[in-house]
Amino acid sequence: MEFFQHFLNALQFGSFYALIALGYTLVYGVLRLINFAHGDIFMVGAYIAYFVAVLLLGGEGMSGLGLTPAMTLAITVPVTMILTSLVGVTLERTMYRPLRRKGADRLYVVITALMAGLMLENGNLALLGASRKSFPELMHKVVWTFGGVSVTNLKVVVIVAAIVVFVLLEFIVSKTKIGMAMRGISYDKFAIPLMGIPLDTIIVFTFILGSSMAGLAGILYAMSYPILEPYMGALIGWKAFIAAVVGGIGDIRGAIVGGFLLGFIEIGVVAVFPSTLRDLFAFSVLLGILWLKPTGLFGVAQTTKI
Amino acid sequence: MQKHTFTISLFAGIFVLTAMAQFGVINQYLVSVIMLMGVNIMLSTSLNLVNGYMGEFSCGHGGFMCVGAYVSSIVTVLLFSKNHILGAPLLPPSLALFAFPLALFAGAAVAAVAGLVVAIPSFKTRGDYLAIITLAANYIVISAIDNMEIIGGPRGFMGMNATVNGMEGLLDIPWMLLWVLFGTVFTVWLLRRFVSSTLGKGVPAIAQDEIAAEIMSVDTNRMKLIAFMLSSGLAGLAGGLFAHILGYVNPHSFDIMKSTEVMVMVYLGGMGSLSGATLSAILFTVLLEVLRPLEIWKWVVIPLLLILLMQFRPEGIMGNKELSDLFPKLKKYYSFK
Amino acid sequence: MKRMTVKVLVAVLALALGAFALMGCGKDSDVIKIGFNLELTGDIPKVGEASKFAAEMLKEDINSKGGLEVAGKKYKLEFVYQDNEAKADSAVNAALKLITQDNVVAIVGPNSSKQAIPAGGICNDNQTPMVSPWSTNPDTTKDRPWVFRAAFLDPFQGPVAANFAAKQFSAKTAAVLFDIANDYSKGLAEIFKAEWEKKSGAGTVVAFESHGTKDQDFSAQLTKIVAAKPDFIFVPDNYNQVALIIKQAHDLGYKGPFMGSDAWGSAELMTLCGKDCIGQFFSTHYAAAGAQGATKEFIDRYNTKYKYVPDDVAALTWDATRLVLQAIQEAGKVDKDIKAERKIVRDALANIKEFAGITGTMKFHGTGDPDKCAVVVQISPEGKFEFKESVCPQ
Amino acid sequence: MPLLEAKGLTRRFGGLIAVNDFNIELGEREMVALIGPNGAGKTTVFNLVSGFYQPSEGAITINGKDTRSMRPHQVTSLGVARTFQGIRLWGEMTVLDNIRVSQHYRAGYSLLDCFLRTKKYMGREAEIERVAWELLEAMDLKEYALELPRNLSYGLQRRVEIARAMSLKPSLLLLDEPAAGLNSADVEGLIKLVRWIHETFPVTIWMIEHQMKVVMSLCTRIKVVDFGATIADGTPTEIQANPAVIKAYLGDDTI
């Protein structure tokens, strides 16, 4: 029984890793840019969801519109995704794009992303203060117990959402025109504009897609772990990045597999060994995987022609 | 004669700084800032070998620093402090002066060996995959120390002051400042000698075209081994000094945040420039201290400044140039090889 | 062009260095300066913020009455806050800056042991009195005549929790969930475990699980704990994690009681945790709900001013600062020489044998560590922390 | 003993046979061409010889030493140098440094020598520097010594690449399409350069080249491959008349 419980736990937490890893991988797939601010965009997403929900629902000292929780949830999800994608696009337009135009080394853009993340975290701390926010309950929690295994309806929603998002993204990237353009850019950034495809539009679209996923993950995360703080995105962001790379960065299937894999490894280590050894063992396993498969599980080795 | 001007003025500078600290011309706070500046210079120049010269993306430098800090601290504590492992100190405090560099060396050596964890996978993998390996290495080091009860685990480890006191008992001068200054000069000197030699130029050759390098007789695996081990060894040296400056170490002082800071210093200075890494380490340390009064806003302003700087100079302060490339007149005085 | 930019940059750097070297200032003789070495940014900003708020409140109190009276003369208080970013190295620099640049008489903080241990070493070496409000690690004050603290130590609190839980829940077995990266949490967890097994026999701590500081998912650890079927779960964790832990444990079908430690004692606990926390117990410094006298006054004023009930760290900072102020007064004079002043303040601090703080009466025995009573509180259905029992050291 | 001997060399990539049962023997100071249509597996042969690929079957010996399981830099130290189809200079290093780094195997001193600047270090570095300057002088590149390769013209870059290969003092020089992308004046220069190298240094030159003018005016022997297999081997005149070669290049029905 304990095994099934751990299995379900791993599925749920893996879903969060997977959802965030998808954002990393989308941007990376197109721009070869590790968007280290992504974990913090996820945090901003959770905060946006909080403010939208409180505004609609009322409470927390605000009068609000007094909508029902279900209505609030229905409105919060799209609004948060839109607003969060705006944050992502703003970062791209004000910080990454100018650097790209100047022909800066890829790693300078990465460092800029790191700095942008720090700014989001600490800006949030400075503006909203150190008090944590408690996310309102938007979904009446139901605990189902089957012979010692407990599941909440929220857990099911999270797992289903991760799978739906994966299917949707896989469809967009492999079947639609804009998805093909995205894949095209990752092969050859210079040829794509010559084919009459607007490079910047595609890049902005990628950021919209990636950041809105972070926003969605933010809402689901805030509902599952209803305590918001400015640094909540930092650790999970790093770990999701690791998941994306272990899966094979740039590949959507890789992000999903990597995310679930990390969830299973972390929870598996805790389940079998003393939990104090979790980080030690989990990261050793990941290191071992990369040792054996140097380009991740789904990554294709770059063949160099000479 | 002119060729030696730089070396002479360097040692004169160290002497003057130490004397100023000794006679209270600069207060202890400034001395402490200067010492941390030295440590930061060591960290950023050593990471520059891997991230700048070799073009890899190592984001776990803090882990190696941690190894060096703990190993050298354990050695000095075993030798000179009353401790719960061996009880009484093994050696009289008067020997601290001679044993301290050996302890630092031990820390650096173990950190260099720890560098193998990253160096060996680097034979097969590159870029972002290697970045994850370095990141994982950082987590593994911290988590391992958290689990080692005998050296305090998350409670940290202390007792290094006895060694510093032992040195001061022999002769009452600011020894730690002196050691840090020597360590900094040693690090930059070592790296400078390495990267200016034909052997060392194999490292940027790997960054620019690894296949050409291998086919043009550069043993790329050996070069990677040297670069990673040298880099992590020097980080270990910096860690040892850091631990003895504070007199206390805690594994969580060396987490991803520390590694991030070092990375920022490297890219801010310019990939492949030792003078750039030095300048940016100084700038960064000073910025951190000068902006203290901003309190919470400090960590909003610093990233903002760095972002602006990178927009303004997308190749870092120095690009891949050294000071002597930009001011050729300096070459006359510049024999820091 | 490029060369110009570099020159400009180098010039700016030189200027910054120069300005930096010239920083520091003179000393106003009618002012007493006290330094605060706080965690305003970094991992635990809430702790630093609470400390700062409490200190500001105390300063306004005294300055509005014309200042602190020492030997018949009133001195205005000036509090200097330095952020230590919750980092050890930054805490050392902050301490040194307070000592050498800001010329403070004494330092309050850092709160967390990770910063307080190295900063304590610096203060001791530089002969500046330091009082840590919140640090519970024995090393902070050990062999350091210049360092004091206002909190009780873990070796006292652990048994309090164990004894209370054994009695209250008539428990035979316990489970522990703690933060491995937090020395406070880990230390307390180990002391509790040792104490419990001494009482109830080896193996009666049926699960001893840990998590990381920024973790938000504890389902794996809790699954193991729930499967071990303990009579109660001891959670010596910060209140934000407590809220998540209790909720998740309930999601996993756990229905038994929880026992906590002083780190639960934040008003935010109830906003974050809600109904899940009602009925749980924890040991702490004072019970906010049943508070009387000075304690109640402090809580009410803090609540009015900053819109939340103060955490234990705020109350402890209040006490730590008042401890310093009392020592300054008892020193009987304000020496113009800052070093001499620090010396007499330290001696006065060391001479304080008993201090009536809002977190209880502290008794000092020359180690810098107070003996004080702990209270156990229960969370009432209204979300108030209600007094249950008081345990004093023998 | 031949300088280079390849026997039954086969290389498969998945299902594709890039090189099939390739045999060659090269003696000292020969000048040989390897020609064939695009995709015939010529560069793969070079990659196998220089150790960049391991053969699926067959063996290569250089000066009697089996090079299987050797890494490229080890093969290089046996005296094999090469240039690349697309120029692969180290773009951020000066021309002089390019030619210094390529003598890496000659550095031969330890890391400690490097840090302490021992006599051995100074001697080796002086030697490396001397060889580099001599070569630059001899190949008319001296004035570009401190330039970055990416700032030089294509023709000059080719020349630097050949100089870099020559700094290894090879006994076998592999040139992979040295005339590709050059204008006719540069091609003349290249022919002269290669001839001069062949006359001055004790080196065997083996080149892949599409420009018949280069091949015909330099080489004494030509080997033709198609679909990974050898279809002809002989002197330039023999090859010109070989119907199989004409068929491979022009197709079946043209004759």
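Labels A, B, C and D are assigned to the chains in the order they are written; within every chain, residues are numbered from 1.
Please note the rule applied: a residue touches a chain if its C-beta (ideal position, glycine included) is under 8 Å from a C-beta of that chain, and two chains touch if they have at least 3 such contacts.
In this text the structure is predicted, and so the values were computed from the model without any measurement.
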| item | value |
| --- | --- |
| Each chain counted as touching subunit A and subunit D at once | B |
| Chain pair, A-B or A-C, that carries the greater number of C-beta contacts | A-B |
| Separation of subunit B from subunit C, taking each centre as the mean of its C-alpha atoms, in whole Å | 33 |
| Centroid distance [mean C-alpha coordinates] between subunit C and subunit A, Å | 35 |
| Centre distance in Å when subunit B and subunit D are each reduced to the mean of their C-alpha atoms | 42 |
| Of all residues in subunit D, the ones touching two or more other chains | 52, 84, 88 |
| Contacts with 2+ other chains: residues of subunit C | 41, 45, 180 |
| Numbers and ranges of subunit B residues touching at least 2 other chains | 146-147, 211, 296, 299 |
| Residue ranges of subunit C touching subunit B (in the complex, touch as defined) | 2-3, 5-6, 9-10, 13, 16-17, 19-21, 23-24, 40-41, 45, 81-83, 85, 87-90, 92-94, 96-97, 99-101, 113-114, 117-118, 121, 125-126, 137, 139, 180-183, 186-187, 213 |
| Contact set on subunit B toward subunit A in their complex | 51, 57, 117, 121, 124-125, 128-129, 131-133, 135-137, 139-140, 142-144, 146-147, 211, 256, 260, 263-264, 267-268, 271, 296-297, 299-300, 302-304, 306-307, 310-311, 314-316 |
| Residues of subunit A that touch subunit C when the two form their complex | 1-2, 5-6, 9-10, 12-13, 122, 125, 129-132, 134, 141, 143, 145, 148, 150, 152, 221, 225-227, 229-232, 234-236, 266-267, 270-271, 274-276, 278-279 |
| Subunit B to subunit C touching residues, read off their complex | 26-30, 32-33, 36, 146-147, 153-156, 158, 161, 242, 245-250, 252-253, 257, 279, 282-283, 286-290, 292, 295-296, 298-299, 312-313, 317-319, 326 |
| Subunit C residues touching subunit A - in the complex, by the definition given at the top | 41, 43, 45-46, 48-49, 180, 208-212, 214-217, 219-221, 223-224, 227, 240, 243-244, 247, 250-253, 268, 271-272, 274, 308 |
